[in-house]
């Protein structure tokens, strides 16, 4: 497999979580990263409700659902943390959401640029070893997403012969191994 | 008919229109007043698209569709004009929208309070003489709303025997008569 | 107004009613005639639920909702009365439904042919004097249909100056007058 | 695993296939068995479109989608093969459909009774070894079904240590092994 490693997230601040979240801290889990803007109709109508369904279906021990607020337009409108807080409250979005860090001299925020996202919503699946396995701009069907997440959950690390996935050793000391 | 006269609108500023809009300036037309908040899921999913359908179906000479942004929670988040502008742009809402004037010492903005609204969305129909003929909090069916608007359009003013509605005389000189 | 008079219905048998129904027997009411086939997906998903909403919204004294089963394909499959009965039961369609009479030597049943219908669903509105005022093949929006029905309800017969519509005299003795 | 073995299908006749289909002939594949009635609204609106999405998403080498027409009410109406043929044509359902064999002296057809189904729609997943792994009466979410099918696809037969699933040997000679 030649999947690309996921770039680190550059997040200005986090909502819906007491601690900052990093790729490393989620090592061993499948990650659904949902990049959105609160003023993006397709995000509000489809991608965010879908991400909540993923969160409700899978165990948080297996799948981490993370939102990324990637403001690349209407900065003034979508900028304030209070606006995003109110939005998450009203739409009952309870998974952690990071605000993508603005770039010094560019339109796209840093993580969005590093991942080469084309817009919002963008749905990204990262496998337990930290590789990007899906990157889709626009709407995805539930049937497809459910199957893809389960496929990642059922992969066995090549180096391990045992039934269970033992990620504790690999992840604790050194982060997700390359 | 003992319908209540519609209270004047107290609007801080208007979007999607070059001029301020008053009840009087719409005298002679049926008015659909849609009170909403941009962070209210029911407004975004149902009431605002419905108001756009009304605008697209009826002639602007007959029916005026007016939005009223009645921020009664998350003031900081929904407050700035720039946020509402971006929202209207992204959701392609093209009818005039007034920002309800905040009250000096209360939670509810002024027009919302004057109309006794219970929340958002609230759909209000005002007849060509300026009386409130419908006041509904929550979701309304398209079939019902279509029938109600047409019923108001087809009313004949009590004082007039002729076929057509001649509102020019009543409205030009004195505004909507009390 | 030069609207065409509605042709008489040629119905083999009626369901959901104890008596046969004719245009004349509905004189003075607005009629929504919904032509459908039980194996037509657009009828099942949209037109028939919409017709039920019309029936539930308006008074039966004002608006008569009538189904017409116009089988023009899959005759063997859709033919038996028992199949249609079961269909109406399962989908909770409670308005009267007539089975359009098969033609002697043609594909289209008689009423469908007489009305020049292009297929199913076809939604037809007939005014209280028996004229066809709407004839639409395919899907119609609720907002449009609600407004159109109300417009017909609020028409005043040209010959009458009084407020109410007095159809009893015109309709009892001679059927709907031409 | 103590999953129950799937009972053989007792089918009167097959549509959308040139040959009869048995559990044995599908050995080695995950099977989605969708029990439905053509006059069941939940089947028409949800279960059958969902089964078509499953058919379109997965390779037919991996997942077999099979319909089972289990008429337990309105026998006369739903009975004739011609009616079901027309239904499948109009709704563009292209997977094989078996007509469940009527029982000699009972209301439920034979396969429906053998599987202990409570009604329609019933969605059943059978694993490549012929065991029932899901049995659900009523509506199922796409996200859940997608994940469940993929989980079955990614199971490794207990007796095999190799990466790929070699079902040819087990299935060809002896059918699905008990």
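When the chains are written out, they are named A, B, C and D in that same order, and each has its own residue count from 1.
Assume a residue touches a chain if its C-beta (ideal position, glycine included) is under 8 Å from a C-beta of that chain, and two chains touch if they have at least 3 such contacts.
Just so we're clear, the structure is a prediction, and the values are computed from it rather than from any experiment.
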Farthest-lying chain, centroid of Cα atoms versus that of subunit C: A
Centroid distance [mean C-alpha coordinates] between subunit D and subunit A, Å: 35
Cα-centroid distance, subunit C relative to subunit D, in whole angstrom: 40
Rounded Å distance, subunit B centre to subunit D centre (Cα mean): 53
Overlap residues in subunit A, where contacts from two or more other chains coincide: none
Pairwise touch network: line, ring, star, complete, or other: ring
Pairs of chains found to touch, sorted by chain label: A-B, A-D, B-C, C-D
Residues of subunit C touching subunit D in the complex: 39-41, 44-45, 73-74, 76-78, 80, 82-87, 89-91
In the complex, subunit C residues that touch subunit B: 50, 53-54, 57-58, 141-151, 153-155
